[in-house]
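Dropping the structures in below, format is structure tokens.
Two complexes, one shared chain (subunit A), two partners (subunit B, subunit C).
Up next is the complex of A and B:
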């Protein structure tokens, strides 16, 4: 990476350390994917406890996000705020995580109470931490409490030691601290691959949209790199707890460490998928070549790429930031996976990028990505079609510990407020936040890192900024609610959902907020018209969120499910589900754990955890119908210019679907008619979905459903009964 | 570089090469543990064996696969973490995997099977490449 780290410097950092607590343990040998132990650390009183993972926990909550939700549920009460000491950060990899044969099996799930939503949030992240944690003998790591001075936590999975150490001199920004700690804990260059660091950054401590970086050592580039747990501000919680980093060291990764019941089957499934990716990736989604960035031009072609705060879906200058341009910047032909055995290898890096702004200006750095979401969030959605800006912003977001999606959606909202005269230079401290102003967008991010000026306001996220603008500057709440692209307090991820009713639900009827990891139905719904009726859409909004939840229980990545398809997938009865790959997952789970689920039971496993998370939201004061209301910008055109940009389509829909002649009506009248129709459609979809999911009209899981799922614990019933 | 070449028209599908190979590289009498494979069902592509093309080198995240000075592609088994990407990514599907053996294996052009082949269908061939010249192992 960029900085020149001397042995002397590392020695100095290490010498300033003070051990606050040490703990020795016998690392558990994994059995059928589980260590059967979890690690609890309280940094208020420096206690470290080994807990048993019970069979019941494994049956009901499976692992990963399920374990995280269960531990957090027991840690907090309905009044717990994100910055209360009892809030936890739980990291859990899941029973399949750590296998090396099947692509996408190195994920960790992070769960906490979010600063932006006030409720429970989960984030799925790559890197080597989760598998190393499990190989070190822990199915989950719970961190509770708040340190009174800066600390790091170090787990040595070979020696069986854990320490909490005061760490005054380590950097906070990720690209520096991962180098410092990788250097400090590795005994040789060869040993660096055995280190993984969780860290955040300076902007995380001055905003609510902080993220966590999970490192892995890139053996070819000879540098640590990071993947992000981006959504929901967990990095902010991390820095509020005064944690600089969590480090795990584990030497000895092999393909059989999970001690699965049927290694041969896992190997067969892995080879089969490797062959598929070898044969078809180049002609399907090109993940190996460009990662997720190929979506930039696809979304632009289908009018789905957010431009200027989700007003428009395409732009003539998109070619400047599309994957053809990105390909010229990223280094090619490397096996770029974020965990062993991932032949999908979507991780990408730009080598030797020279920064033009900020505290590291002039330095040559390695940039992870850029992912599609980042290109759209800090590029097109801000009206900025400049790839160097996107890369620079990507680098700073990662090292400062800020979620590119939330940053982009928030900045886009601020730019629209600025152009609508709700904001002005006086309020922004001189920043001219117009669409396309890349220098202002970058400065806003640097201010966030320094905790200064308007950057501090921007770091609050869309929901809290709306409240502030209404309270302090007398802004009109309805307009802000219409254009502020947040739901539940989380900023939208980067897809235009206006022309896909199913995706409007896929965003707003989620557990944690509008992130597309629950459902991405736009092509099924809008392009291929495979789910025309309300019942079809509701079925999709049942099946896909449940199916995708399952990845988070297992420690798996979603991409190898449907970003590669078998040759005959289009000829199957349900190509959108990729039936052969669903069967792969059933067999993977059974081969690791020795259980005997089928594809129906796979969905039930998810349904238990999904409904538990819904009830967790209810416990925290959310999780009801009113919280599933989308901002109108995600449903239809808010402004005149927006209507005009798709006038033919909207006029035609008015005539054919609504049965009203558009002739002679003003644009304002037409916006109103369109809005009434679209909001009614959403309401009908919502009720159909709630019914399909086993929920009341107010979105509360019914007692019958809770009992059928086997999650009718007294404390669950106590929460639900108040609302039935 | 040295590699195992073939003249399939001469192959009688006697499978002797598989027995010799399994014994030589995996000390086994199980033909499934051979790095050369004879397909009874086929008339073309009967003999499947590594041609030392080296595409597997780049896909290995652990850098466990390398080209020896004589041009033969070898696997450092202690570095292998068993991800099997090389097996799925071999263009001729000649990287072999067997559940009893921790790391994948392949033809190392040792020539033991060619010595025993009764029909002369397989034989060692050596071509000089520039890399070898540069490495000082060929002229």
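Up next is the complex of A and C:
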């Protein structure tokens, strides 16, 4: 038990609980990766229902994100808003999730209607919840409705009980509630590792960018830790439903619980990958040592690290927040995985960090991370090169339940607005939001948690802030649209895409918004120059999003795919695809499910779900060409200082690519010429990509394509037909 | 002038793969290097000379992030 949690406190909160509904069930035995049951809970009327998972569902939607999309599709109508009771939060791990032999198999996919995009969003997360849920007999958990009082949902996968409990005294902030609930539901210290908690935090309920934390118990540290489903504001939906936490308890994790058809094959595949990780991780990407943080210095070297709201790609002070500094802070010699058997072990933690600000000031805390995205989002992109600030912000974002990426990109936008005199101290309530002002950035986050002052505005996210600034303060829309790094209402993740046309598409031609989990093509495009033509880029923007969608259908982590590579990968014809690992995945799927797909069918599995998600967006009023427009900051230089920072490159491109002599032209003229060229290039790319993906010029999947994929259900055709 | 990944790069006297990688700030830890189609293993970066006019490929084999 932590020093802040006393037995008396636990007793008190336990005594205040009231069971509102209890449900008993016979936990299903898993067969070939599936429980063949899903759990539906409505917290408006406290109903709990066990649903059958049909063969058709498994064939078409596979699991994970596919199941989430299908359940949500059936739950909402085109008018459903994120905070309507009809909206659901669906958590589903996928058929491969829970195996312990192959690294990276403990992920869950969370699907909901997003407060920031207004459409369907999905987020991929580690921690033990997904596998425990499945071992408890459920392929998916659907939560619908809105409670009228604070509740906790508790699933005991051994006893076969589910309860909805009134939870008046539990904390909301994650670092507290995960301790409280782990303590409360575990029968002994040994039993704590059998608990996983999904929670959010106080800032999630006062902003649109709330996240969900998924816990896993760290036996060595004797403390629960968390991984985040960060993107799209699902934590905000969670708190709006008045859910404090979902707890699953399952005792008895074993390597064969999925009851796969060929365990021996899975073991062989796992041993091969463990060996690669053991032999090569130290000389390849060092995930075991520093997690994803070594990308900080790498991105800086390639001019890709966002600095000052994505204006620049590097900064001389980056060394202060790079992985060498981070290494000094994280506890060493502790390879850490977020699910059993992940020898890639990229999880990292800083122990005993003393907080300097906020409600927990002076307390010693455990901080998970920091990951590359967080360092860039709340560090370099705000012009803040102070590692203690990054760590403090990382802790508070997690415990308050806020997505570091959206927070960072939104704060960066606000800072640029402040420096451009669109905002001032009067509007910000006294906060001097200049780049580099770490105290102001921290205070903004604390205000968000308290639901006060300018923090409440910041919590709206970039798109809604733009609308507010135009409406209330007469700001010029075009400038805001150019520098506000959002697309579809989601804030950009942390890479500069200006010099990679393919990545501009990889961000803006996505289903949920500009998160790089669909496609990260910057090296292939900008550095390697391997995809020079529009057709090459379009092929990459077809293959990689489809391939990467597959991880989300299975409950797999992407990192062991290409953050480690076999010794002979470089001799293969397509090293970026890591062909041997793709084959591992084909065999892994077949060995778990008994099906016989090949690598082409793997892509088709994803394509079905990917196109279904596109059509889901269309159903909700999005998902068309206009929604794939990027902000110009992600395409080229918006401001004079930005142009000047890469003047030689832009001038040379003007001469060589556009065929215009830059001499004698003002910077403003050059920005205009560059913009016209780059926007035309994007448009040509867009049309080539749409064609490759089987979509019309307006980005609608064609009837022929829908039929070929076998997703031509009447309700799908009804949505699409309106737009063809 | 040499070509690196099909783009022109200024050649310098005494250029080796190691020096070229430093000039280009290619710090990504996994690279696939060829000179005129011939594979150069990592341990030879320092010794591998780049001559004027060479066609060099320095591939970052990742579509990750």
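By our rule, the second predicted complex is superposed on the first by the 721 of 724 C-alpha atoms of A that agree within 3 Å, B and C clash if a C-alpha of one lies under 4 Å from a C-alpha of the other, contacts with A are read in each partner's own complex, and residues count from 1 in each chain.
Simple rule for what comes next: a residue touches a chain if its C-beta (ideal position, glycine included) is under 8 Å from a C-beta of that chain, and two chains touch if they have at least 3 such contacts.
Nothing here was measured: the structure is a model prediction, and the numbers come from that model.
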When subunit B and subunit C are modelled together on subunit A, clash or fit: fit
Vertex subunit A angle, Cα centres of subunit C and subunit B, expressed to the nearest 10 degrees: 70
First, second, both or neither for A:236, with subunit B first and subunit C second: neither
Partner chain(s) touched by A:264 [first = subunit B, second = subunit C, both, neither]: first
Partner chain(s) touched by A:298 [first = subunit B, second = subunit C, both, neither]: second
Touching partner for A:611 - first (subunit B), second (subunit C), both, neither: neither
Partner chain(s) touched by A:275 [first = subunit B, second = subunit C, both, neither]: first
Greater residue coverage of subunit A in the superposed arrangement, subunit B or subunit C: C
Contacts of A:558 with subunit B and subunit C, given as first, second, both or neither: second
A:108 touches, of subunit B and subunit C: first, second, both or neither? neither
Superposition-derived minimum Cα distance between subunit C and subunit B (Å): 21
Interface residues, subunit A side, partner subunit C - complex: 283-286, 295, 297-298, 301-302, 495, 516, 519-524, 527-530, 532, 540, 544, 558, 561-563, 565, 569-571, 575-578
Subunit B residues touching subunit A - in the complex, by the definition given at the top: 58-63, 81-85, 87-89, 93, 97, 99, 102
Complex interface listing, subunit C residues touching subunit A: 5-7, 25-30, 32, 39, 57-65
Subunit A to subunit B touching residues, read off their complex: 100-101, 219-220, 253-256, 263-264, 267, 270-278, 333-335, 337, 340-341, 343
